[in-house]
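The first chain written gets the first letter, and so on, giving A, B, C and D; residue counts start at 1 in each chain.
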Amino acid sequence: MNPDSPNVRKKRIIELDQALAHVKDGMTIGIGGFINSSHPMHVVRGLIKKGFKNLTVVGPASSGLEIDLLIAAGVAKKIIAPYVGGEALAPIGPAFRAAAERGLIEVFELDEAMYYAALRAAAQRVPFNPWRSGVGTSFPEMNPMIKSFKDPINGETLLAIPAVNIDVAFLHAAVSDYYGNVQYIGHGYGDRAIYAAADKTFVQVEKVVSNEEIRADPIKTAIPGADGIIRAPFGAHPYSSPGHYIEDKAHIKKYVQAATAWAKTNDFAPLQAYLDEFVLGPKDPIEYLERVGLRQLLTLNEY
Amino acid sequence: MNTITMQATRKEIMATVLARDLVDGEWVEVGANLPVPRAGVLLAHLLWGANMSVMVAMTKANVLNEPVIEEFELITDHRATRWAEAYYLHNDLVENMKFRHRGVFFAGALQIDPFGNSNLIGIGKDYKALKFRGPGAIGVCNATVMNSRFHLVVNSHDPRIFVPKCDFISALGWGQGGEDARTKLGLPGGGPRYVVTPLCVMDFEPGSKRMRLKSLHPGVDIEEVKKNTGFELIIPAKVPTTEPPSAEELKVLRERIDVQGALRQ
Amino acid sequence: MNPDSPNVRKKRIIELDQALAHVKDGMTIGIGGFINSSHPMHVVRGLIKKGFKNLTVVGPASSGLEIDLLIAAGVAKKIIAPYVGGEALAPIGPAFRAAAERGLIEVFELDEAMYYAALRAAAQRVPFNPWRSGVGTSFPEMNPMIKSFKDPINGETLLAIPAVNIDVAFLHAAVSDYYGNVQYIGHGYGDRAIYAAADKTFVQVEKVVSNEEIRADPIKTAIPGADGIIRAPFGAHPYSSPGHYIEDKAHIKKYVQAATAWAKTNDFAPLQAYLDEFVLGPKDPIEYLERVGLRQLLTLNEY
Amino acid sequence: MNTITMQATRKEIMATVLARDLVDGEWVEVGANLPVPRAGVLLAHLLWGANMSVMVAMTKANVLNEPVIEEFELITDHRATRWAEAYYLHNDLVENMKFRHRGVFFAGALQIDPFGNSNLIGIGKDYKALKFRGPGAIGVCNATVMNSRFHLVVNSHDPRIFVPKCDFISALGWGQGGEDARTKLGLPGGGPRYVVTPLCVMDFEPGSKRMRLKSLHPGVDIEEVKKNTGFELIIPAKVPTTEPPSAEELKVLRERIDVQGALRQ
C-alpha cells in the first residue's frame, strides 16, 4: 500500500458541469423518467445551455416534454423513443411534431417493446434481440434498421431489433449515498434498462443520504454504483419526483404554449423567451428554481 | 338534477360497452389520459370483476373497496400509487408477456382501416415527409398482439380517422382480412374485437374480418355513422341500440368512478 | 351483478395437493431457489410422494440438491440447469452425477446466461434469444437444441438459445397475502425469471400476511399474483429461507451420504431409507418437520 | 506460534497472486466455495482497492471497514447480506453485461488444456456416455467472456486436470492459440491471464497463447510442475519464485480475512 495514496473510498458526488463534460457533440445520450415524471431536468437544461449539437437522444420509453425541449433547443438530431408527448397537457410533443414534419430531426421509429429489446441488446452485448409484435406492421418500412428475419430454431418470422447503445445516460432519482448507490421512491419506471444499456450513468438526486440509510434497505438500490451523482433538489421540475413533488402543470402548460406557437405558426419567439427565461438565463439550477419561485415549488408538495 | 336520474352520456355508454366485455379474472391496465377505458375497467371490476388485476399508474391497484376512486389526470401522479399491492417495472411490463394471455387492451388511433389496422405514427404518404406527425406507437404495437384481445376506442367518429387505408400501420388489426390474418403471421392474441366511438359500436364480421356495425348509441341513426366513416361498413339488416348503463351501473360510474364528471362533459 | 355470486375477491390459499394437481407426468416444471437456499421442499417432497414420472425439471440457475433428490427418486427424466450441486457439501450432486453417467436422465446442457436467455424467450413468446458467450465452446455439440447462426443485423456468429417454457413453476418465498402477492426477504435469486417463463406458478410461503402488510411496501412484491399460495412454515428445510432459518447442514449431509452411496457403489438402500424416513413416510409436510424435530429446527434461527 | 510470523501457506500465496493482479475500481465477485479467490479479492480491496465493487452472496458488500470479515461456508448464507448496499437479482447479474468490462473472474475446472480452454461438464469422449459427470458450467462460460479477464484457479496441480485436450470446452480460453483466437469469434474480454495452482503461476505466451510457467511457489522445482502437467509447458530460461505475501498482507489475510484459517489448513 502506497502511503501517499491511502486506501479510501472515493465520493462520487460531482457538479453538473463535471457530468456534462462526458458528453460530446454527436454522442448518444439517454434520458430517464416517464412522460411527466422523473426527468433529469437540471441536466436537460444544462445540455441546452452548453449548446450541444447533433445528439442522438434515447428518451424514456414514454418520453415527455423534456425530449421536446431538447428538440426545440436544437440539441437533438435523432430521437429514439416510442412516444413523445405530455398526455392531456400535450397529446403530441409540439416541437417533436414540428421538427419531425420539417425534417429537422430523424426519428428511430419503434414501439415500447422494441425499445426495451434494443436497450437490452446493448446491455447484453449482442447486436440485436428478436421480437414478435410488429410483424405485419409498417415498422420495418419506417425504420430500415429493424429487419424481418426467419428465426434459426423454428423458422418463424420475427423482427430483429438492433442494439441501441447509450454513451452517457442521465437519470433522476430520490436519493443516493456518496458512492452512487441510487434508490427511488416508487419503481423508477424504465430507468434500470437505460442504465443497463449505457457506458456511463450520471444520476441527479433529490438528496444525498448516508451509506447507512442505503444499507438499511439495500433491496431498494436500483443502481449499484452510478458513475457520478449530482445534487438536484427539485431537479425534475416541472415534472414530478415521486414522493417529493407532483407535476407543475402550470409551468408545463407555459412550455406547451410556447412550443405550440412554433409548431403551428413557425414563430420561435415564444420558445426563445421560454428558453431565455428558464434555460439560458439562470446562471445555475438553483437560479432556475428561484425564477420558478419557492412559493410555486412549495405548492407541489404531495399528500 | 340528481346525477343518477340524468340520462347516460355518450362517454358513459362507451365505458359501459367496454365494461361488459370484461370477464372476472382478466388483466387490464388503466392507461394514461383515457377516461373512457378507465371507467369501463373500473365499472367491471367493482360490479362483477373483483378478481381482475387492475393496473393503475404502473401498479397493481387494490381499489375494490374504495368508496371513491380518485381520478388523476396524469399517469405519473404518484398519489395513485397509494393503492398499490405491487409495482410493475416498465421494462418487465413490456417484456414479460405470459400474464397478457388474460389481458385486454384499449388502443386509440389517428387512422383506422376497414380491417382494424391502425396508425399512431402520422399522416402522409411519405414517412420522411409527414404532413402530420403523431405521438408514436408507445406500447400499442406490442399490447395489441400480446393481450387476449383489444378494443379500438376513439373520441370522435370522423372520416379522417376511419379511412380506406392507413398511411402506416403501427398496430395490426386483421391485416388484409380473413380469420387467419394474424395466425398466419405467427401472432398470438385474438386481435381487435370492438371499435367503440361516440356514435356506435362496431365489430368484425367473422370470415372476412371487415368492420361491421354492431349497435348504435341511443339517438344515433345509421346515416350519421355512414356519413362519418370513410369506407363502407358492413351493416346488418337489424342494428340494435347500444344498451345503456343500468341504474346501478350509472350510480357506480358517477358516485365511485367518475366523481369529477370527465364522462359527463 | 348476479346476487348469487357476490363480487368478492377470491383467496388463493390452497393445499399442497391442490397445487400438485396441476402437474401431469411428462410436463415441464420449474423449481425456484439457489443452491442451498429457498427451494420449495414441501412441493419437492410432495412430487416424489405422488410418484410423478418423466418430468422435465427446470432447476434454479444454480440448482441444489433438491434437484438431486428429484433425480434420486426417479421423478425427473430431463434436467434443465447449468449446475447441480451443493457447494462444499457436495461439489457435484451425487444422484445427478450417477444418473447422468448411467443414462437415467437427459441433461439439457447450458450455462447460466443461456438459461436466462431460454426462460426469457418463453416469457417473451419468442422461439429463441441470441447469446454471444458460448461461441467457440462445445455447447452446440453437447446440446443440439442450441444452434450457431449469423445475426441478421451485422452477420456476427451467435448462439440461438431456444425458449424453455415451464408448464408449472413452484417457488418458496417469505410471505404472501391471500391474493398471491408474494414478497421475499432478500432478492429471491432468479425466481422472477422462472415465474415469468411459467404458465402457472404456485408459491409456498413461510407465512401468510395481511394485504395491508403487502401494501405497506408494494415495491417488494416480486410476484404480483401467484396462481396459488401454499402455507409452508419451514418449507424450504433443509435449505435456508432468508431471514427465517439457515441451512441445516447436518440434514443435507445425511442426504449427501445416502446419495453418494448410490453414486459410488450403486447401493440404493441408504437413499431408500432416506426417502422412506423423510419423503414417503411422513403423512404431510408437518410430519416431515416433526421427524426432523422442533429442537433441530429451532437451532437454525438466524442472528 | 504467532500466526503472523508463521510462513505463508501455498493457499495464502495463491490468494496473494490473485490479489496483486487486481486494480482499484474493478468489479469482482466472491463466488461460492472458493476460499482462495475470496481471500485474494478481499486482500486487494482492503489494502489498495477501496473502490472495487465486491460482490458477496449476490450483494454489493461494504466490508472495507469491517475489522473481521466473517466467512460463510455457503453462498446462500443470508447472514452475509448484512453488508449489502445493493442486491443483484441473479438474472440481472447474468444478463446485464456492461459493468463486466471492469470485471475480473475466477474459474475452476475439471480439465484445462495448453491454451487455457477448460471443462466443467465431464470426462469422457462421448457426451452421451460420460465416465465422470461434472457439476455443469454454472456461469463460467459467460463470465469468462464478458469480464475484462479471468484466472483459472485449481486446488491441485495434476495431469488429470492439465490435459493436452479437454473432452469438452465449457469456457473458452485461447481456442487453438493465437492472439486473435477470441477476437476472431467476436468475443469481448481479455481471456485467461493466469493459471494459479498450489505449485506455480502460469500465464500465456504472447503470440502463441500457449501456457507458460511464470513463477514457482517457494520450495517447488520445475520438475515437480512438469511431472504434474499433462502437456508440455513453455518454460522460460529464468523462472522466478512467486513473491510471497508481505508481512502486512499476511497480517490482513490472517487477522481480517481468513480468521478461521481456511487457507492455513
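Rule of thumb we're sticking to: a residue touches a chain if its C-beta (ideal position, glycine included) is under 8 Å from a C-beta of that chain, and two chains touch if they have at least 3 such contacts.
All values derive from a computational prediction rather than experimental measurement.
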Pair joined by more contacting C-beta pairs (A-D or A-B): A-B
Between subunit B and subunit D, centroid-to-centroid distance (C-alpha), Å: 57
Separation of subunit A from subunit C, taking each centre as the mean of its C-alpha atoms, in whole Å: 38
Centre-of-Cα separation between subunit B and subunit A, whole angstrom: 29
Of all residues in subunit C, the ones touching two or more other chains: 120, 124-125, 131-132, 156, 186-187, 219
Junction residues of subunit D - those touching two or more other chains: 81, 87-88, 95, 146, 188
Pairs of chains found to touch, sorted by chain label: A-B, A-C, A-D, B-C, C-D
Footprint of subunit B on subunit C - complex, ascending: 1-2, 7-10, 120, 122-125, 177, 179, 181, 196-199, 211, 214-215, 218-219, 221, 224-225
For the subunit B and subunit A complex, residues of the former touching the latter: 32-33, 58, 73-79, 81, 87-91, 94-95, 121-122, 127-142, 144-146, 168-172, 175, 182, 185-188
Contact footprint of subunit D on subunit C as seen in their complex: 34-38, 61-62, 81-85, 87-89, 91-93, 96-98, 100-101, 103, 107, 109-117, 119-120, 131-139, 141-142, 156-157, 185-190, 192-193, 239-240, 242-243, 246-247, 249, 302-303
Complex contacts: residues of subunit A adjacent to subunit C: 124-132, 145, 147, 149, 151-154, 156, 158, 160, 162-163, 186-187, 219-220
Residue ranges of subunit D touching subunit A (in the complex, touch as defined): 24, 46-51, 53, 59-60, 62, 64, 81, 83-88, 92, 95-99, 146, 188, 248
